[in-house]
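After this come two complexes, each holding chain A, first together with chain B and then together with chain C.
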Partner chain A sequence: MLDFLSRRFAAALVTLALATVVVFAVVEVLPGDPALVMLGTEARPDTLAALRAQYGFDQPLPVRYLHWIGGLLSFDLGNSHAYGTPVAKLIGDRLAVTLPLGALALSWAVLVAVPLGVLAAWKHGTAGDWGVMGFTQIGISVPNFWFGIVLVLLFAVTWQVFPSGGFPGWRQDPRGSVVALVLPALALSLSEIAILTRVTRSAMLDTLREDYVRTARAKGAPERVVLFRHALRNALIPVTTVAGLIAGFLIAGAVIIESVFRLPGVGQLVYDSINNRDLVVIKNVVVLFTILVLAVNLLVDVAYVLLDPRPRVAA
Partner chain B sequence: MSGFIARSRRHVGFQIGAVLLLLFVGTALVSLVWTPFPVDELRMRYKLLPSSPQNLLGTDHLGRDVLSRIMVGAQTSIAVGLISVGIGMSLGVALGAWAAARGGWVDEALSRTSDLIFAFPAVLIAILVTSVLGASARNAILAIAIFNIPVFARVTRGAALAMWSRDFVRAATALGQGPFGITWRHILPNIASVLIVQATIQFAVAILAEAGLSYLGLGAQPPVPSWGRMLRDAQTYIFQAPELALWPGLAVALAVLGLNMLGDGLRDLLDPRLRLMRVG
Partner chain C sequence: MQSIPRRTFIGAAAAFAVFPAFGPEAWAQAKNRLVVGMSLEPPVLDPNKNAAAAIREITYQNIFESLARIDRTGAIVSGLAESWTISPDGLVYTFKLRPGVKFHDGEALDASVVKFAIDRLFAADSTVPAKSLYTDIASVEAVDPATVKITLKTPNSYLLYNIALCDAAIQHPKSAPTNDKHPVGTGAFQFKERKEGDSITLVKAPTFRDAGSIKLETVIFKVVKDPSAQVSALLAGDVDTFPGFQAPELVERLKKDARFAVVVGTTEGEVILATNNGKKPFNDLKVRQAMAHAINRAELIDAESGFGTPIGSHFAPHNKAYVDLTGTYPFDVAKGKALLAEAGYPNGFEASLKLPPVGYAQRAGEVLASQLGKIGIKVAITQLQWPQWLSEVFKERNYDLTIVAHTEANDIDRYARDGYYWNYDSPEFKAKWREVVAATDFAKRDELLKDCQRIIARDAVNGYLYQLAKIGVWKKELVGMWENSPTPATDLTGVSWK
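Now for the complex of A and B:
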């Protein structure tokens, strides 16, 4: 078991190392002169030279890369060009919005999707099943940011029960902050609910055909016990995998949703940094996203091992 | 083929998808020759009007006719989808077929590279590309195409590997045909249905991605009409003209829904055992 997990961990580290090379290449090598990108073509030569010296752009590429990696390892990411504050603190503050948003959306997605999927599989082939499947087809087709705008139209413009956007801050107004995350989390979770429902349904259809389910029914176990203890427990393995994959997409989807609701999260930071051409922030945020995605995948592997004893031996 | 048509008559999802796709493509074609108003005509006196017989879907913040802009926006969506899926598909299929035919280090290198690309969420690849190369429809297409390459490479590799172990392919090898000839004559024709279905789904994903990028201001730039961009502008006026925020989103949703239903229908009709990748 430890062997399996440590191999997965090593693979994730290799992917991460390669990812940093790619990000470095795209952000600092591809554009030619990063200082020129950050300041624009009309910048004066002495300002350009000062910026190059400040960020070490005048040094050879391998030195610059190693310096950045050294900074990543010690959480010293340098200062943002646009904000003038340390990038690590900037990202940390923004994570305090994005992580709760993602967690809320994921929990909501699991809470809705698993019962829906179980229901559809249990009522396989009936109108209820068709209804659920139709809903999932719409769920993956509707752009989540537009769903967010529609939610604003309904709950902020028409009924005025939720704010249309903005974030009061955890310290200033904890309750208001939670309220501010409700609509964005709903918008973010729509397509995830659709995907998870489909996965739950097809996994349940598989397990409901198994011999042990028939045995449980033959023993006279109540349908509730058969569904949830026997069938769902085994169907949860693929559901966990997909939930983990989805968590990665949630983080990325947050970029657009935070823009819809004007939430000061990591997504907004990426967006602002693009407009400010703040390459220092961009490259670190992208690596952070990659770390989050890889970490979630590792967590899925751990959950996998806990739920299903087979990969412990097979791998 | 006649069997396919007969079966498609009984597949409701496929039919709904086909009708929605016809509507989508038809709108784009009609807009090439006719729109109710010239798309870029500014009439500030008539700005933010609600639906009326003159402007069926109202007017935007510059007094432009929303219906006309949605019609021309369909062209943008189709162009972005076709080109990005076209690039991603040609490169991805070539790479995947190569990996399956060659095996060994080529296969290993390709699999690891696509793992690497999948470690970055698609939106981030797009944001990285557009932040370095600049925001434009062309760069949005490029970004979406980059994400499509590993999707097609993976699907092609998996399907082609299954074909390589089939008897008729072994027979062709025994007859002395080279790997390129076998791939071209035997492998690709036999995995075409997988690729067609995947292309339909990726077309839908590309339209969603383009809408998202333009919404962020990273896709097509004004004055090119684009559904995502229209939503971005509409949100500013959400209290004065809430309707504006409905139509472009509905257009995206219907186009994507049509492609998704068509893709699922095609999968059922061509080969129910197909396994698809769904990544967004």
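Now for the complex of A and C:
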């Protein structure tokens, strides 16, 4: 088992190293001059040149790449050019919004989708199954930003039970911060609920047809035990894979939801940094996203091992 | 929202609503607290470090003050200098400083501080974005603690205006290095805290010389970029005002709400179809005249939901030196076609239109493409991000056509510049502009400015479309907000709740 996981870990490190090269290359070819963005249309050529020298934009590319990697390895991410604040603090503050948002959306999705999927598989072909499938069809089709706007109109504008957006900050107002994440998490999770429900349903339909399930029923096990202990346990393997993939999508999908709900999250930071050509922030955030996705994949691997002993043996 | 039966929504919502209901937050609005919505977030908060208009919209007059001040009508009035005299040759400006002025950190204002602040605007190693406005200054001298003398190399009739801008904010040498993150000025409000990506909070400054006249205790600038989120923030009561509301198509919704006043005023933004005069076929006057005849301004303003005033030159209609030149090349498709044929393009030609990511340009882009299509110019639209637009269009001048608002006041001087992105080069205009700058008599200057407008209108340098409107939305109980936008500012010193 350790051998299996350590190979996975090594693969993740190689992926990460390659990702830094790709990220650097992509960020450097972005059209636009950061100094011009900062100083605007009235800037003089001499002031632009002075600013470029100040930020090291005039250095050769390999030097800038090594400088950046050196900083990453010593946990010194440098200062944002646009905001003037340390990149690490900037990203840390934003993660404090985006990670809880993603976690809330994901747990909401799992908690709703798995029982719904089991129900649909168990009641296969009945009105209940059709109802669940209809709901998932809507969930997949509705864009999450539109659903977000509808939620704001209902809960913030019409009934005024939730704020229309914004984020008070964990230190200043912990309760208000949780409240501020409820609607965005709901909006973010809708399509994920739909996808996970479908995956759970089809995985359950497969396992329910297995011989061992028939055996379990034949020996007189209660339906609850058959469903949740025998069938669901095996069905959870594809469900876990998809949930892991979804976690990555949640971080990416948060960009739009954060804009609808005015949440100062990582998605908004990336969006603003691209518009400001704040290259140092873009590079580091994208690498951080890469690390997050790799970490989630590793966690999924660990979950596999716990759920199913076969990878352990195969390794 | 009210027109749809509420039950439908409750039913739909109940399907999802398994979470506990939270009570309404304490929105109770104290009568000395104001939440101002902003469409764009300022990167830093120091106008000497970044050109973003959002910096000026937050700090001008509220945090930072300049020697002179641009008031709500656009007039230049006394600021940190209570009076000034100008020598007859227009070269020496002597400013008398206001007594008792203190910075938010307790430091006093005197002539040496002013000298420091103005010197760094034009110093050789200065990286101030607006440096070019101040390079006519030869020296700044602290005559005595309350008197500052500015000497120019050549007369500049715009010096006072430039000195009144937020770019010439008087900063103290002690706080200047950290003003980007923690601005310290002499204004009525002092910086309290910033949550990047969310809000900037100011509180009334106890050090302000006239603190008794300031009615607001706390001001929160909240960043709301998405137009529909701006509307919901207003409707939900999370924001009291958007002084510069960016989505004209959503204004009707707000007008219906009795809680809000929608006030339409003027800005200094001329929206133009900027044209590369240095590139074939746009270097041909006949082609540019043909394009001018193809432009239907009424239709363009319709696309802005009716907001905007037609212009025929590069000048704001509310300026007293304005002359109406919208009739120079009236909308006439047949005439446009004929001129294009005369220029040697009976079948038209293909052109690219590079659009920056701003609402007005997006809305006008499609309309203009179709208008130019009617005289045979096949326009292909390309969308650019701001940084791309700045590099590709503005700096490298690699474009045919673009749509942009020139938002600085008095910016007709751009037509006299060498190497500006329009590639317009007119000895006649340059000579006229030199006269404008050197004019010490303002009545004469206004006449010269009218000539300037006529020259560029006649040369059809760019397509002159309309003056952007300022759409202000605020709660009806709020008084003292600026109707017009003579300079980027949200001056809250005269704002209070009824």
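Throughout what follows, the second predicted complex is superposed on the first by the 298 of 315 C-alpha atoms of A that agree within 3 Å, B and C clash if a C-alpha of one lies under 4 Å from a C-alpha of the other, contacts with A are read in each partner's own complex, and residues count from 1 in each chain.
By our rule, contacts are C-beta pairs under 8 Å (C-beta built on N, C-alpha and C of every residue); 3 or more make two chains touch, one makes a residue touch a chain.
Keep in mind it's a predicted model, so treat the numbers as computed, not measured.
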Requested in this report: Could you tell me if A:I282 is touching chain B, chain C, both of them or neither one (first, second, both, neither)?
Outcome: first
Requested in this report: Would you sort A:G131 into first (chain B), second (chain C), both or neither based on which partner it touches?
Outcome: neither
Requested in this report: Return first, second, both or neither, reflecting whether A:P143 touches chain B, chain C, both chains, or no partner chain.
Outcome: first
Query raised in the report: Of chain B and chain C, which one touches more residues of chain A?
Result: C
Query - Touching partner for A:L294 - first (chain B), second (chain C), both, neither - result: first
Query raised in the report: Is A:G248 contacted by the first partner chain B, the second partner chain C, both or neither?
Result: first
Report task. Could you say whether A:P86 touches chain B, chain C, both of them, or neither, answering first, second, both or neither? Result -> neither
Report task. For A:S191, select first, second, both or neither according to whether it touches chain B, chain C, the two together, or no partner. Result -> first
Requested in this report: Figure out whether A:L18 sits in contact with chain B (first) or chain C (second), or with both, or with neither.
Outcome: first
Query raised in the report: Looking at the overlay, what does A:P238 touch: chain B (first), chain C (second), both, or neither?
Result: neither
Query raised in the report: Which chain A residues lie in the overlap of the chain B contact set and the chain C contact set?
Result: 30-31, 37, 149, 152-153, 157-158, 164, 259-260, 274, 277
**Report entry** chain A-facing residues of chain B, complex
**Finding:** 13, 115-116, 119-124, 127-132, 204, 208, 211-212, 215-216, 218, 231, 234-235, 238-239, 242, 245-246, 248-249, 252-253, 256-257, 260-261, 264, 278-280
Requested in this report: Using the touch rule from the top, collect the residues of chain C that touch chain A in their complex.
Outcome: 1, 6, 9, 13, 15-16, 19, 21-25, 27, 41, 43-44, 49-52, 125-133, 180-181, 195-199, 222-226, 228-229, 232-233, 235-238, 385-388, 390-392, 394-395, 408
Report summary line: Counting only contacts in the complex, chain A reaches chain B at residues 15-16, 18-19, 22-23, 26-27, 30-31, 37, 137-138, 140-143, 145-146, 149-150, 152-153, 157-158, 164, 191, 195, 248-249, 251-253, 255-256, 259-260, 270-271, 273-274, 277, 282, 286, 289-290, 293-294
**Report entry** Residue ranges of chain A in contact with chain C within the complex
**Finding:** 30-34, 36-44, 47, 50-51, 54, 82-85, 90, 93-94, 135, 149, 152-158, 160-167, 169, 176, 179, 182, 186, 259-262, 264-265, 268-269, 272, 274-277
